[in-house]
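Next up: some structures, all given as structure tokens.
Consider the two complexes below, in which chain A is the common component and chain B and chain C are the respective partners.
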Partner chain A sequence: MATTAVGAAFLLLLLLPFSISIPQPISDSHRSAASNLFNQISPSLEDAYEALRVFEILAIEKKPLDTADTCKKVLENLGSSSPLKDVFYALKVNGILKCNIDGTIFKDIASRLKATLHDASTLLDIYYSVGSLVLIKDQASDVDVLLTDANGIFHSIKALSQSDGRWRYSSDNPESSTYASGLALEGLSGVISLASSEIDQSKVSIVKNGIVKLFDSIEKYDDGAFYFDEKFVRGSEPQGSLSTTSSVVRGVNAFAAVTSGKINLPGDTILGLAKFFLSIGIPGDAKDFFNQVESLSFLDSNRISIPLILSLPETVYSLTKKGQFKVKVSTVFGSAAPPLTVKLVRAFSTGAKDSAIIDSKELQYNQESGFHFLDSFPKNVDVGTYVFVLEIVLHDSESENVYATGGQIHVPIYVIGVIKVGNAEIAVLDSDLGNVETHNTLDLSGNDIVSLSANHLQKLRLSFQLETPNGRVFKPHQAFLKLHHETKIEHIFLVGNTGKKFEIIFDFLGLVEKLFYLSGKYDIELTVGDAVMENSFSRLLGHVELDLPEAPEKAARPPLPPVDPYSRYGPNAEINHIFRAPEKRPPQKLSLVFLGLILLPFIGFLVGLLRLGVNLKNFPGSTVPATFATLFHLGLAAVLLLYVLFWLKLDLFTTLKTLGLLGVFTMFFGHRILSYLALTSTKLKSA
Partner chain B sequence: MAKLIFVFLTLIPILCNSFTPEKTSDRRILVLLDDFAVKSSHSLFFKSLQSRGFDLDFKLADDPKIALQRYGQYLYDALVLFSPTIERFGGSIDAAAILDFVDSGHDLIVAADNNASDLIREIATECGVDFDEDTSAVVVDHSGYAVSATEGDHTLIASDDFIKSDVILGSKKIEAPVLFQGIGHSLNPSNSLVLKVLSASPTAFSANPKSKLTSPPSLLGSSISLVSVIQARNNARILISGSLSVFSNRFFNSGVQKAGSPTKHDKSGNEQFFTELSKWVLHERGHLKAVNVQHHKVGETNEPSIYRINDDLEYSVEIYEWSGKSWEPYVADDVQVQFYMMSPYVLKTLSNDKKGRFFTSFKVPDVYGVFQFKVEYDRLGYTSLSLSKQIPVRPFRHNEYERFIPAAYPYYGAAFSMMAGFFVFSAVHLYNK
Partner chain C sequence: MARTSSSSSPSSSSSITKDAQDLLRALWSAYSATPTNLKIIDLYVAFAVFTALLQVVYMALVGTFPFNSFLSGVLSCVGTAVLAVCLRIQVNKENKEFKDLAPERAFADFVLCNVVLHLVIINFLG
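Take a look at the complex of A and B:
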């Protein structure tokens, strides 16, 4: 839990750098934010009440919601069966809107509430019942709301309190809660105001002591803001520190309003609470907004002490513009403070706390603008950061009891100005003798650049002077010299000063390793900047062409330059496949010519046969051999045709199959005809 | 009773359904805070998330009851860590659990700040982002600060060096600079997934503004990243900011004037910048899906099981982008397909019909083997698409070669004239008298 508190403290410090030391009072930006935040139609009466209340406190004319509709809702919720919480908020809304509600309705509710109150055991039930009765008392004077058993109810609330000033939600829940304390105090104050007979004063003073004890558990930020933090309590919604603190403020305020005598709380605490609420700035949440504004309104009108807020429109002052140091003191809502004087107790530079530049000076008051101002800074104020210690002195000694001013207030002030830059020169020196090889004077306010060249035996010297407007040496926060190689490798050097002069000497012999033995062109860039320097600059002085020795093998390699994220993505170059080139072929005509030539021998053969006078007289004459001969030659022709078909369309398997059949066929008839021819020829020979 | 159990059992798969971009409603985000005050001080940012349909669950970071998963199912789709100072999370959450959450494809938004705890730094380091090790260092820019009457130390800087990517920052140009106050980080150069979205100006450096510099700062110039994003390989997205206040209402609403610039903007660029960036991080933009990969021979419609060399084929794929509500056709002219075997043989840019369909046609190379159609789409800010489909390519069959080659006609002519001669000769030889 401690970590949360510390974390929250850190966080708030981080969130609110503008307002840590100088919270701003509620202003018009709050009002416009409220108009924006509460413009949605509120679903519940609780939200409606919060919106109405914020608008009422901030004095915004416009109504956040439709009155007639809301009144209708109020009437619905004042029925006999609606839960206590709804009745409570309905009455609260009615308190602001003044809806037209019949007196009998109030009477019914009042009797119902009294009955509930009689057997109520949890804090919330008592809180809502008592709160509602108080509201009825204000809204309908003729209804009897007075409690006859006020002491008993007072006691039953008191019974839930713990020794440390906190309260429990109910008697069977042992955990105590700060948030509940606020509710309990509000309930108790309600009981006191409703009591038909006087409440025992001793009991009241015990509660007052309880409040003081409760404030012992208050937590504090470094900037003086006080707040209550809530531990996680079982059986209730977790409450942030804002709602917890505002609950306590509401409770204590209500209690202080109904009891006589003062509650013994220091003014600083009240101021711290105001600072806490203001440090939140403009909350983005309607509930937080309501809590903040309502609590501040209580703090602004409380009877213990009213916080006064000192705010500065600006904390950065320019010597060139001759700004006025201005301070405004107001209440948390920005309204005018009682007559007072703001005293500048002391002003010192953050570097030298002991030597004050201003001692005990009263600020003048401008009636029109409402600012307290210092007409001009004394002559000895130079650029730098200062702490101004301010104190609010009230004119009227009586009002010191009424207002909380918070004693001495420390404000950080930045005084900025133009720094004179001069005597800049850049030179290349010979190492051993220190002779100046090349020498250039630079005008750092101009844009001219120099080109130099050097080798590893030489040195490069850059010097310049910085002077404040008052003529003192100025040491900037940032004085960097950047050597930027072509390959995007950067080297940073701090430029130190000796006396008035800022000087940096590069002894390249000692730097070769750091420069990764990279020869080539280096850009020289000088950056000088400071928070109080108006003319911070960063400029290219020129280039130096370095000639460094070759890197030895063991030398460290330069780091890889960062990859450009844009180049990593993006489309690749298209790739087209290169197909194998087809083989070279002769032209078709040539092939056809050769085809003709090839056919010539066949034609010659036929012509030769005709010339020889061939005949087919030996063809068998009888039917059977003639059939054999015809079939044999048909077979042969079929085989040859098959070859042609093989070329034209058939594949090897079909061809071989058919050839097998045709072969058998042809062979059979071939054998027949050949044996017949052989027989006839032997017959002829033998004959 | 039995009926009840049955109803419950049938409901289980519905209840346990984890996030898919198809499911728009019920996108749950766990927001871990150091303090509930952040809920109201940063309400504009949260409201913009809620108005886009996200269901935010605010918890204190050290709440002992927080958990990211239950019974192995993640309860949330994204995690927002607005708790820069937390040293140890409550419940079962630790750095490893958060990294597991990201590893399973969920999104993460981390805001660090001055005093960022080691835990937050560790999570960032695991994501490839190294915050300045000097815990007192913040980003200071004496030349690019935001002009302010009450802020004199130049730690409130106005940065306008955005990443050039419409998908990450939206197509509308961010005119006003972004206010930043916090710590800087550098990106791990070996990590190629992390991107600098908002960089510091060249004059910025990371150091303690209160103390004098004794050595050059480790982070300097535009290598300082103020806000970075990471898109993991599983498309989980992470946003890391060096400042929590950049998300705050105060920064969202405040005006900004950069030092040295005459223009004063009424409103800083923070709201636009972070709203657009959160759209990207929560996958409302730049999330692509590819469906309906098809390829077939020219003139056919069915996908073949094998291609022959030198076939002409057509390839098409449909790509859609998630707009936060629906899948919109994706339009780009740089989607490429590769026909790949060990190395790409063909790489072609796909044309698109503006309705999400990307297509091209090409000839199968004359090399046979097992190829892949590959679409490797990896663009800045988009989820990467990696599609591959395997397809074998065969050579010609024996009967697919050319049959009538004119150059061979003389050879055929010789054979057939020989055959004809044989036929004539056989008749003449047998029957001549």
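Take a look at the complex of A and C:
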């Protein structure tokens, strides 16, 4: 088991340089995913807007929601008491759906928004107000939305910015946020477009510098994707890297649209951002989908540089099927790129980085399919992993400023083929001299199995040869031999090689302990596999009856078979409590006999008393002493009765309490009667 | 005196037994002279001791398992015997030491001590 783990880890390590992923542009699978994802629309207008916008960008005909219902909701939310966020999104939805909204409603909202802007202090309030006013400007041309105090509002937004290019949400929140920067830039662009008088150009260039500063904090993945990320900011929802990056892209795009002149951002950054969005694939969440698609649409049409994506339909080429190496260059949405040529700068094997198998070749272009292809694969290419370095060369040198191509692109390619497995043989050898007892040649492509038998004094040898299609030595990632015992205990061994020949020898004398001294039938299973091997196999070779000696006392026990997972949660075994063995009691009859015997002395005492002539003559005659005497005796009897009850069921405390009472009672009467008796006896003596 | 010489021939064992019998008879007649109340107390002591002996025999037969019960039983007998002996000493008119102690007082002490003893005994009996 450890060896399998080692093999798997080794495999992963080999694949690390191949973690460069080639992004695929937006395709029809995106469109079908969108129709599925936006099926259930929540009642919120924000979600409705996102769905509508996605369908608009991807040019999906079907509407994601009921227009009449949504228009009703829009009307509801354009009321005078609706919160700013709802007004904003209602206007956004209206922009796409174009519901029938009365002009007066727009006028009311516009005046309300202008009043709010006058006192607004937080970034979000300003953002929603300005955004709503811009939307009203597009939807109702007769409403006056121009801002008289544009400079003031510009200033109040700018006041929330920080030196590192980020923005704060409000003046009393010290933490800055990248997400807020996107919102702020959108807000600023809105102010510029709504300004009745010209905004000071120096201020605009300060913001442009701020944008460049903001992009200094951009983060990068190894494969060239750029993104913005942000840690949790107090006072707002946590934003992931996707929503933060989309917010920045939205803001920068809006700002670039309303200002003249260029923003100093390198084309590679734009391409990196496009790669980031494309590398997500097809998001499963509606909001992520919206962010991805909208940001890509902004990147596709931005004024700085438009990214061109190089994609491959497949990166695995089979030597047996003799496919063709094809690439496609397109925009992020899969539309046609401007005229260009793809050059294969060089191709080399990952194992031999210095020697190139292909050097400086131009790929041919197929007009119908839109692919650039390599007309002929070089002959001497063997199975293995390669890196192809490609470069996009635009035909029109002017377009170099418009498009971002990304320089040299490294593409990992797998070349796979059929590995020849030959000269397979299995033999049982005599341990001392190496004489062959039984020998079988195996046909590893077939299905037949062999039956062997061996004892602990013999050896088992398996050997075979592996060869690439070009006749070279091949070392696969996995070459394991598994011995599987009938009691489900398995042992896995690595098959080593010298050159082309793979051989493993089992010396059973040394292996008895590892095999836990278990004799019996073992299945032999051979596994040979590699990523570039088309015919990887895991095959039962046959059985071997092993006769091993008895396990000595100290030998390790074989491990228990794996516990059936269902039985693990079943009821536990019944616990048998072991109690102290009860003491031996005498037979009941004996005890009863002795009970009778004990009474004998008492009877003897009574008899003796009678014989002595005991009488009650001294019992006082007159009433008062008589009562005292009787009460005294009664008291004593009561005490004795109390003792019996105490033994039977009472506890000490009750007994003591009662005893106290009875004792006092008895002592009182006893004292009286005894003193009376003493008095009478002294009278008699003196008399 | 041939009869006396012929009468000296009986065996030593019979003389021993005759001596023992004479001794016992003498003891018995001396004892009969004791006052009745002392005889009652003596009878009581004999009763208690005999009961204790019976309990010991029982324990020897069946083992000491509830040892506390055994102890309690034996101690009850022995304790009450001891108290009775004390009573006898105090009540005995021939005892010069306790001349001015009223026998009723001694009896009261006897009763009280017995009550306390038996409380403890019953508690320990289990």
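The criterion applied here is as follows: the second predicted complex is superposed on the first by the 537 of 687 C-alpha atoms of A that agree within 3 Å, B and C clash if a C-alpha of one lies under 4 Å from a C-alpha of the other, contacts with A are read in each partner's own complex, and residues count from 1 in each chain.
In the analysis below, a residue touches a chain if its C-beta (ideal position, glycine included) is under 8 Å from a C-beta of that chain, and two chains touch if they have at least 3 such contacts.
These numbers come from a predicted model, not from an experiment.
*Asks:* After superposition on the shared chain, which partner residues are touched by A:L146: those of chain B (first), chain C (second), both, or neither?
*Replies:* A:L146 contacts neither chain B nor chain C.
*Asks:* Check the contacts made with chain A and report whether chain B or chain C touches more of its residues.
*Replies:* Result: the larger residue contact count on chain A belongs to B.
*Asks:* What is the contact status of A:I96 with respect to chain B (first) and chain C (second): first, second, both, or neither?
*Replies:* A:I96 sits against neither chain B nor chain C.
*Asks:* Now for A:L518: first (chain B), second (chain C), both, or neither, which partner does it touch?
*Replies:* In the superposition, A:L518 touches no partner, neither chain B nor chain C.
*Asks:* A:G240 in the overlay: touching chain B, chain C, both, or neither? Say first, second, both or neither.
*Replies:* A:G240: touches chain B, not chain C.
*Asks:* Going by the contact rule set out at the top, does A:A356 touch chain B (first), chain C (second), both, or neither?
*Replies:* In the superposition, A:A356 touches no partner, neither chain B nor chain C.
*Asks:* Quick check for you: in the superposed arrangement, does A:I416 touch first (chain B), second (chain C), both or neither?
*Replies:* Once the two structures are laid over each other on A, A:I416 reaches chain B alone.
*Asks:* Contact-wise, after the overlay, does A:S675 reach chain B, chain C, both or neither (first, second, both, neither)?
*Replies:* second
*Asks:* Which partner does A:L636 reach: the first (chain B), the second (chain C), both, or neither?
*Replies:* both
*Asks:* Using the touch definition from the top, say if A:T315 reaches chain B (first), chain C (second), both or neither.
*Replies:* first
*Asks:* Considering only the contact definition stated at the top, list the common interface residues of chain A for chain B and chain C.
*Replies:* Residues common to the chain A contacts of chain C and of chain B are 585-586, 591, 594, 597-598, 601-602, 605, 609, 614, 636, 640, 643, 647, 674, 677, listed in rising order.
*Asks:* Give the list of chain B residues in touch with chain A in this complex.
*Replies:* Chain B reaches chain A through residues 34-44, 47, 60, 62-63, 83-88, 113-115, 140-143, 148-154, 156, 163-164, 181, 187, 189, 192, 195-196, 202-203, 205, 207, 209, 212-217, 220-221, 223, 244-245, 248-250, 253, 310, 334, 336, 338-339, 344-349, 363, 365-367, 378-380, 399, 403, 405-410, 412-428, 430-433.
*Asks:* Show which residues of chain A lie in contact with chain C when the two form their complex.
*Replies:* Per the touch definition, chain A meets chain C at residues 583-586, 590-591, 594, 597-598, 600-602, 604-605, 608-609, 612-614, 636, 639-640, 643, 646-647, 652, 655, 659, 663, 667, 670-671, 674-675, 677-678, 681.
*Asks:* Within their complex, state which residues of chain A touch chain B.
*Replies:* Touch list, chain A to chain B: 3-4, 6-8, 10-12, 14-15, 17-18, 22, 232, 238, 240-242, 280-285, 287-289, 312-316, 385, 412-414, 416, 475, 477-478, 480, 482, 490, 492-494, 527, 529-533, 536-538, 559-560, 562-563, 565-566, 568-577, 579-580, 585-586, 588, 591-592, 594-595, 597-599, 601-602, 605-606, 609, 614-619, 629, 633, 636-637, 640, 643-644, 647, 651, 673-674, 677.
*Asks:* For the complex, give me every residue of chain C touching chain A.
*Replies:* 36, 39-40, 43-44, 46-47, 50-51, 54-55, 58, 61-63, 65, 102-105, 107-108, 111-112, 115, 118-119, 122-123, 125
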